[in-house]
Each structure stands twice: as structure tokens, then as C-alpha cells.
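For clarity, chains are labelled A, B, C and D in written order, and residue numbers in each chain start from 1.
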Amino acid sequence: MIVVMKMGATQEMVDRMARRIEEMGLKAHIIVGTERTVIAAVGEKRNGERETLESCEEVDKVVPILAPYKVASRETRPEPTCVTSHQLQIGNGHVGVIAGPCSVESAEQLLGTAQAVKSAGATGLRGGAFKPRTSPYAFQGLKEEGLKILAAAREATGLAVVTEVMTPGHVEMLAKYADVLQIGARNMQNYHLLQAVGDAGMPVLLKRGPSATIDEFLLAAEYILDRGNSQVVLCERGVRTFETHTRFTLPLATVPYLHERTHLPVIIDPSHGTGIASLVPPMAAAAVAAGCDGLMVEVHPDPSKALSDGAQSLTPEAFAEMMKTCRTVAEALGKELG
Amino acid sequence: MIVVMKMGATQEMVDRMARRIEEMGLKAHIIVGTERTVIAAVGEKRNGERETLESCEEVDKVVPILAPYKVASRETRPEPTCVTSHQLQIGNGHVGVIAGPCSVESAEQLLGTAQAVKSAGATGLRGGAFKPRTSPYAFQGLKEEGLKILAAAREATGLAVVTEVMTPGHVEMLAKYADVLQIGARNMQNYHLLQAVGDAGMPVLLKRGPSATIDEFLLAAEYILDRGNSQVVLCERGVRTFETHTRFTLPLATVPYLHERTHLPVIIDPSHGTGIASLVPPMAAAAVAAGCDGLMVEVHPDPSKALSDGAQSLTPEAFAEMMKTCRTVAEALGKELG
Amino acid sequence: MIVVMKMGATQEMVDRMARRIEEMGLKAHIIVGTERTVIAAVGEKRNGERETLESCEEVDKVVPILAPYKVASRETRPEPTCVTSHQLQIGNGHVGVIAGPCSVESAEQLLGTAQAVKSAGATGLRGGAFKPRTSPYAFQGLKEEGLKILAAAREATGLAVVTEVMTPGHVEMLAKYADVLQIGARNMQNYHLLQAVGDAGMPVLLKRGPSATIDEFLLAAEYILDRGNSQVVLCERGVRTFETHTRFTLPLATVPYLHERTHLPVIIDPSHGTGIASLVPPMAAAAVAAGCDGLMVEVHPDPSKALSDGAQSLTPEAFAEMMKTCRTVAEALGKELG
Amino acid sequence: MIVVMKMGATQEMVDRMARRIEEMGLKAHIIVGTERTVIAAVGEKRNGERETLESCEEVDKVVPILAPYKVASRETRPEPTCVTSHQLQIGNGHVGVIAGPCSVESAEQLLGTAQAVKSAGATGLRGGAFKPRTSPYAFQGLKEEGLKILAAAREATGLAVVTEVMTPGHVEMLAKYADVLQIGARNMQNYHLLQAVGDAGMPVLLKRGPSATIDEFLLAAEYILDRGNSQVVLCERGVRTFETHTRFTLPLATVPYLHERTHLPVIIDPSHGTGIASLVPPMAAAAVAAGCDGLMVEVHPDPSKALSDGAQSLTPEAFAEMMKTCRTVAEALGKELG
């Protein structure tokens, strides 16, 4: 940690700050520059020292050297983590593909979609039973009924079921039906929920919040890892920027950047990331080319009748077409899709 | 709602879409332009028609005419809502001032701060007992012990206690000690939590999420209002932008804009909004001049020893100075501060 | 154009507004909704009617139906434009590759780089002679001397020279040496410069400004097209968002989105788009997979000695490696790279 | 400057980097931390050392300690700069008010507006003769004819004329008629233009670009100051964020933040900053309360007939009302308005 003193800080102030740093159990190195004095504080423990030092009046700013996360970091664990469930493999040369409708609407809708995406090569099935909706007046999901339909589809197809859990009180119930618990973007910093899924001890798919920094994203993962659950999949689904022509702005550089920082696998959701069905296939192919470990794609038998997210859902035919291109790209890079 | 057809849509497509709109119980008006055809759909019920129509292949986009929120809107209730608790009055010519430390750290720290902010004119006391922290390694609050300290400070000072609730399972416990339940920015779209505080039937202070649009903010309030709880205070605390010199970017235009759209009172948190103690007083004065109904300010007896948010906390002396300026501005505008 | 009247607008106000619209030469269709009245104004000419109507007090907002650009639009010209110069082909199944150093530093540096990128498959050569630098104290380029070096490299290699022009007064000089005039991101809305390169009648590479919307980007192109110059290449080089781990956020969805809206070819600059050399190759491959018509990549013989942008420059070896992957992806999609 | 070495950098790499730093004329202090080694490089000259070091492969990142600007900085010149012209005083206890139409449309329109804003207390007159318009099809200004009308209005009223210059070739002509040359937001990084107005030796009003960081803003000012012209006024006019309900997001914290960093005066443009006439007066009052040195406000005799920016223009009556409130706030803070 580098403590930058304010312009004009006196020798006495610098000495006082150095003592303060030493009292925190760190070692202080004073470096007198031509215009500023800085103190390097060695031995940081990531437990709030930075905030404390930043609060001191004589301090201009504190620059952290270490990443704030630890267990998630590549430095702690150099080999990549691979998360698997049933046929779904995410990481380790496999680009796992999770597809299905935004919401579970009926047994027919779900089973039909599951069979279609399976034959196109998907290995995971998505479908919301509890839906976080921006408006209280929108369809909120079929709830436990929806979970039962998902479990039945798994029985029929072998696809791993990925579904969202919205609140700690539901984790136990969801865990009975689902294979992978999804934390939605809106809940990325719902810490009690992160701890609850951490305790559940099953694979977790953590979506990046639309304005979360990479550090915040990895610290959210750290909440889950910190409970002893290492099966965490990171999902980039777009960030909120000034761009409004797409629903969110999908920054694929997240994939190689995270791969340098963390051992956790990284998947891309081009459906939420663009919000426009016609943009999903090119962005899915681009995500594979960028090196992602998986895709999460919304597919609906009749998007214009979907109870949610129809505008970004592919038809089963368009999805099968998309899979062909993605498979070609994956193979060109020596990876296996699905 | 205006349905814009794609370039080159045939008469048949337009007719089919018009029938579709009529089947939804809306009235369709077809308008043939020089380059595009649009269909005005009259009678919208805000329950997902827009999404459905947007999913149709022949449709380029759907432009909503009505705001998506209803109970929160000024059109539903023209007179401004005023929220009060003990001495705290927010709205109706009163600029309520809620001040106190980021976290409750000890009985001494809290009570001392409470007395100091009260004598400077505050009418509400803030203090976190359950702290949502970005890192799992940071101080998480004193929990129920902290709540007891807050309640004791209310007994001693008469200040209304405002404190954050993080998860539905805690609402009942918090309600025993607090006067106003705060929903933090990270939880603005934690819908189960919004419903739980809605059901609690006591004043709620709802913070805007750092990347929430105004519509999303008001729809979050709508989740609370929808449970029959009308005592909702909206709090702007800064949004996340490309600017990094301040912790967040604090858009004060939110105040007059929301006043035009909703009857709910609007307060400003210049502490989180800037993240830098020296910027808090000018932004507090600016917020009052912009017409806000209240302020929420972090004050700590010794910011350099604070367990959280020290860099943005005012000393009691700086807070008293800030209050003097704010009172002058409030009075110049015919309002009462505190 | 849809004119949304304010809540509570009287019949008289609506009639007055309709007359106003008719006076502008448009046709007005009044649609009385359950909560709002809107007027559809048919016959828009894109010359400021929207702004005028938006200024009227009784009007809540005006929603445009037509895109604000015309010549750039796919509706005006359905077949894609292909821009070529020497060996460089951008569009029409060719993914043109423009590579070279950020700045021309010396004849040796440039010629060496030109030969290296050529043998790896590049068909265009980039290199700045006039450098727009954020700081007045940074290296500003070799100026005309740099242009001569670029022209010599073209003679030696056959690569088309792409170089930036910063001000209208330089267009004539630059046109003598360069094959493609580049408009940098900072100058995307420098309208006199756009007009000057429009008048120059040679290929123009227009970079998107870091906070330009797609409409603004296409309107900037429209300034060039409007002078009768149709050889315009659009270049996405990243937008400014809250993300700071990369220099900019690179939204590849721009590629398919623009392809739906405009006939102009779209290329990607992954060097500025990420600012980090190790992220350039995966993002280049992703750009090709997303369907881009070209790439613009910074290559320097010794990035650690570059006078500018070293951190995002590839070595010739890394560039050759990147080209191999990109070629595999391009071929998988039935396209030719370089 | 702090050079953070990559994880796992060997002693040899560290030594090589230290030698490299010393070769640049800086002094290197090696600090070996528990997880990382950093090298403090003392003696930075702000001429590109940072970029060079960041390009080295063994380096993770380089953290600057000094601000990149120098002449603009408060450390170089502690006393605030005051810019004056005719009756206009910006800084030094004066809140200068520049008002007038977006564009000069006719002699009658301009003179009438000038007289109205003067009697309400304005001391500067704005009005565009050369208009940078997003669309090539929009009204581009009256050009030199407009400048003559502006000069005539100055003769009649004594108001200082502030008008925008768009390209270096126009500076000489503009300088004949105007008192303050305005650089628009789109041209904030048009370096040839900045140098040209620097050379003109007359007051310059520099608008912040919509996605410019504070460092970039001050470096743009530095381009002007570097030519020996110290009469620079900084104008915050809103930044581009995900918020779309206002035209831009107006961050008033820019005012106190810049006051801590630079001696240059800071004014606010609430018209562009909000884009909505009804939000201008509260934001103008807020800007005064935040401590700004001036305001720039669009006023039009009949906003609904304005050729540009009508939606954000105040009527003369609304402007007079706004001035009353702003004056009360200014006086409450011990400042003089106008």
C-alpha cells in the first residue's frame, strides 16, 4: 500500500503517519520525492488498513498494491477451476452451453425447449422459476411449480438445471431441484444470499452486477469461496453504460482479463448482454473466440409469446444455427463446445 | 405505446400486428408515414404488453408513452408526501437532517456523535449495525448489539434512528429498534427485501442503486408502496460513471426531476455521493439549494479511527459548520433545516 | 415523430400543437389515450422539427421514429460498401488488417515494423506523424518528416498508409503522403475537419468518439458522406465507462449492430479498446468472430521503448501469433483475413 | 511514480527495472513487500516516463503520484485566478453570469435577449455564430453576420460577448468581435484549436468534454496556458453517463474538487447539463451554493421558436426569477452575483 501525503506535509506529519502505519503492524518506508512524500506500507492484510489511512487528514490518497480478493486469485491457485454437473462442463477446454427460456412458463414450453437445445448441443438448461422483475406488476415466475418442471426436464434430457435463487430463505428449496444455483446481477452484492449459497455447497453461477467493477465481482465470489464452496462460475452479462442501442454493453475483454486474475471459469450471457436476438449469435461466436468457458443463452419456442425477455430470445432454429458457428470457432481454437 | 414497424413491413404484417394489439385488449391506430409505419396502441395496462410486442419479428421497437410506475407517480397523487418520525420531518418545507457514523462502533462513539449532531441541528441519527461490505474480510457491524446502542441513543436524544436492513429475515428484529428502515444501494432491487419492509409498515429510506435509472428507482419504491406502505423516502447517493476522482458522481438534478415525477420526498447523501470529506459541505449546501427534502451525512468523532468510511466522514465541528451554511441557504429559500 | 403531450393537456392545447405541426409541413394524427394524448407527426424531414416541438411547453417529450442519418443508412443503400486502397480491402468478405506503431519514430523503426506486419499478413500500415496527445508535454510526432517515412514504407512494402489528420489546415499535406486519412476519436465531432476530409475525396477511417452514441457516430460519417465522399470506414475503438481495468470498454456488439443500420464497413481497434497488450489477441479474434470488416492493431519492435502507447503494443512475434488465430477464425466463418 | 512489478518477478528483473529507471534520470527505491515488489521512482518530469515503464513486460502497473498538469495546478499558483472582461467578473467573490440564446438568429432576437438578461443582472452575453451541430442537416449558425450582431449587442449593453470558435482558421476573425472565445465540449481535445486560442491572448472559456476526466480537462487547459495565456475559465456542462432522463449528468462536485486542484475559475452550464428548462433554475442555485465562479445559461425570447436548444432555454421571465433565487443564495454565502 502506498500512502501519498498531501502537498506541503511537514516532517512531523510524515513521522506521525509512519508511526501510525507501524502501529497497524505494517512496515513503513518513507520516500521523499521532489514534490511529494510517499510512505510505502508493507505487510498489508486486506482488513481495512487502507480505509483507515485514507481517512487521515494529512493523506492525499492511498494506492493499494495487492488485489483485495485472495481465494479467488490466480496467485492463490494457479490451475484453472472447472465446474461440472451432469453433462455440463465449464472450463478445462470445454465451452459449456446453458440454454433455455428466460422463465419457465409451462411443462410443455420447457420440455420442448430443453429437447431442442439439447439436440443442438447444449449441456445445461436455464429457466427461471423465481423471477426478479423490475416492475412489481410483471410476471414473477411459477415458483416451486416451475422448479418441479425444471427437475422433470432434467430427468428427461440429462441437462443440468441452472436456475436463479433470489433470497436466502429459498436456498434450501431450490437446492432440492436445481443443479447450479444462479445469483442474478441485481443480487451480486446481496451478501446474506452469497453466504447462503456458499453454505449450500453446490455449484453457483454468479452474474456480474451491471455496474460492478472487476474487484467487486471477485470479492462477491470471495464471499462464496470464503464459506468453503469453490464451485463458482463467473458470468459476464453486460454492464450499464451510456449506450442505449443495446440493453447493456457487453465487454468481452472481461474474459481474458479475468483469466489472468482468477482461476474461476468465466462464461458469457449474450442475451442479456445485448437484449436483441439478432445480435446474440455474433456475440456468442465472439465470446467463444475471446476464450470464454461457457455461454448462457435464452431460447424460447415462440419469442413473441414469451412472458419475459422475448426480444432477446432465440428461436430453437436460430439457436441451432448459432451453435454451428460457435462450434466451428471453438474447434478452430482447439476447444470443445457443449 | 407506439409500435414502430420494421422498414419494409408489408400491409399484411401491419394488419397482423394491429390484430395482435387488439387481442391484448388495446386499441390500435395505424399511422402510415413516409418511411415507416407505426401503430399507436391505446389502453396500456403496464403488465408486460411492451415486452411482448417488442419480441415480434416485424417490430423495430416499441416506445412506451406512460411511466412504468403508478402509485409512486405524481399523477396518481399530486400532493407531496411528508415522512416523519420523532423529531425528523422530511418534506413539506422541512429539510430533515440524518447524521451519524457509518457504523455503530461502541456506545460511547455513538452517543457522543448523536449528541453532537443533535446540537448542530440534526433530527435523525444514522448508524449501521449490519454493514454490507464489499469485502468479506471487512468489519461487518456489531449486529443486534449495535441496534441496542442505537435505541439507547434515541432514548437519550430524541433523534429518530435510521439503520440499514440487509435481508428479509432481519426485518422483524430491526423493526423493534429502528424508526426508519434503510435499504442500501446494493439492495435496491432485492425484491423480497423490498416486500418485507413494505409489510413492516414503518418508514423506509430507499437508496438509489449506483446504476439504477430513475424508472427502476421508482419501480423499486413501487414494490414497497404496493404492499400498502406509503412512507417511503427516496435517497440519491450518487451513480457510477467514468469519473473516479469522486467515489460516485452525485447528480443533484435528480431532486427537481423526481419532484416533477413523484410525490415521494427526496433526500441527498453527499457523503457516499462524493466519498471525500472536504466535498461534503459544498455538496450538502448545493443539495439544499436544489430543493432536497433532507440530507444524510456521515459524522464520526475521529474519522481517522473509523472502522468504515472514514475518508468521507465529517468531524462534529465540520458538521456544525456545514449545518450553518445549509441553514442559511434553506432559509434563503423559505425552508426549515433540521 | 411522436409528440407526447403533458399530462392534463387541454383539448385547446392539443389542437394548437396539431396546427403547429401542420404549419411545419407535417401531417398531424391525434391519438387520445387513457392517460395521455399523443400526436403522430408524419413527413419528418430531419431538419430540426424535433427540437422545435420539444421546446413547446405543453409537450412532455418527442419520440423520433426515423434515424437522424440518411446517406449512411442501410435503407438508403442496401449493399455493403467496400473500401480498398493498394492491397488493403475492407469489407465484402475481406477482413482488412492495418498494423504498425502508434507513432512513427524513425525510418528504421517504421520500415522494420512494416515488413514484419506485412509478412504476418497485414495489408495496411498505421503510424502517427501528427499525434494528438492528452498532455502538451508528451511527444507530438515527427510531423511531415514522419509522413515521408510512411510514404517510403508504402513504396517498399505495398501496404496502404493510414495516418491521422488533426486539423483542416493539414489535410492537403497529409493527402500527398497517405492512402487513408484517419480521424481520431477526439476529433469525431470536429466538423470542419470532417468536411475537409470529405472534400479530399480519398478513403477516410473515422474512429468513434469514446462517448459517442451510434447515432452521433453515423451523423459524423454523414458529414463526410454529405461532401460526396463515400469511402468511409467506421472504427470502434472502445467507449468510456466506469470500467478502469481496461483503458476503454470495447463493445463488439457495435459490429453486428452497425451492419444492420449502415452499409459502411466496420473495423475494430483492440489496442486502444483494451490498452493492454495481452488482451489484444483474444479481442482481435473475437472481433473477427463478431463479423468485423477489419482490424487496426498497434505493433512495435520493442514496446518498452515506444514513445507512445507501448503498453498496448504487440511485438511483431505476438502479432504474427495473433494473425494465425484470427485467420483460423476468419476462415471458419468463410472470410479472408488481410 | 510507483512501479508495481508482476507477481513472481525475480531479483534480476527487479534490478534490471531499477537500472532502467535510473537511466531515465530518476532515482529508484526498491521496496520488497510480502507478496509484491514495488519500485518508487523519484524525480518524475511528466514527459512520458510513466508510459514507457508501463510497457515493460515485468511491470504490472505504474501508479503516478504527481498530477499530470503543472501550470494549471494550485501547487504552482496558490491564489485563485480571476477572469474579467467589460462588466463580466468570474472569480474572486464574483459569480459571473453569462446568458443569451444558443444561436444568434437575428439582430432583434439577440438585442432583445441581451437587454432582458442584462436587466436581470447578467454581465456576459452568450450566442453562437458558428454552431457545432451533431447533424449536418441542422442550422449551422449565421457565421460572420452573427458575430457582427453580437458585437453590436455589446456596444448597446456593455455585456461581454462569449462565443464559440470551432476551428483554428477562424480564431483571427472571431477575435475581432468577441471578448471571450469559447471552446465547445466536442473540441476540448482539439489541440490545434487549443494552441490557436492560447496564442490569441484573450480570455478563453473551455468546456469540459462529456467524457473527459478531470486530469484530461486540466491538461486541455494546460495546452492553452502553455502558450502563455493564463485567462482560462473552466466550464462544467455535464458528463455522459447511463442516465438518459437528463441530456447529460451534471456533477456539481466538480466545482469544489477543481477549486482544490487548480487556481482557474470554474463555472457551470446548467442548460446543457440538464437539457430541460424546468431543471435549470434549481441547478443554477445549487451551482452557486456549491461555490461556482459563474453560470452560463441559455435564454431565448420564445424557446418554442428557437433554431437550436429550445427545450433547455429559459424565457427572459424565468431567467429573471432564477437570478433572484441565485442572488439570495450567493449573498447568503457572502458572494456577489453578476
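Keep this in mind: contacts are C-beta pairs under 8 Å (C-beta built on N, C-alpha and C of every residue); 3 or more make two chains touch, one makes a residue touch a chain.
In this text the structure is predicted, and so the values were computed from the model without any measurement.
K.L.:
By CA centroid distance, what chain is farthest from chain D?
P.N.:
Using the mean of the C-alpha atoms as each chain's centre, the farthest one from chain D is A.
K.L.:
Rounded to a whole Å, what is the gap between the Cα centroids of chain A and chain D?
P.N.:
38
K.L.:
Centre to centre, by mean C-alpha position, how many angstrom separate chain A and chain B?
P.N.:
Inter-chain centre distance comes to 26 Å.
K.L.:
Hey, how far is the Cα centre of chain A from the one of chain C, in Å?
P.N.:
Spacing between the chain centres: roughly 31 Å.
K.L.:
Listing for chain B: what residues touch at least two other chains?
P.N.:
211, 240-242, 244
K.L.:
If every chain is a node and each touching pair gets an edge, what shape is that graph: line, ring, star, complete or other?
P.N.:
It is complete, because no pair of chains fails to touch.
K.L.:
Under the touch definition given earlier, write down the residues of chain A that touch chain C in their complex.
P.N.:
Where chain A meets chain C, its residues are 211, 213-214, 239, 241-246, 249-253, 255-257, 260, 273-274, 276, 278-279, 282-283, 285-291, 325, 328-329, 331-333.
K.L.:
Using the touch definition from the top, list the residues of chain D that touch chain C in their complex.
P.N.:
46-48, 51-52, 54-57, 68-70, 132-139, 166-169, 186-187, 189-193, 209-211, 215-216, 219, 222-223, 226, 240, 303-311, 313
K.L.:
Spell out the part of chain C that touches chain B in their complex, as residue ranges.
P.N.:
Answer in residue numbers: 2, 4, 7, 29, 31-36, 38, 40, 42-44, 63, 65-66, 75, 240-242, 244.
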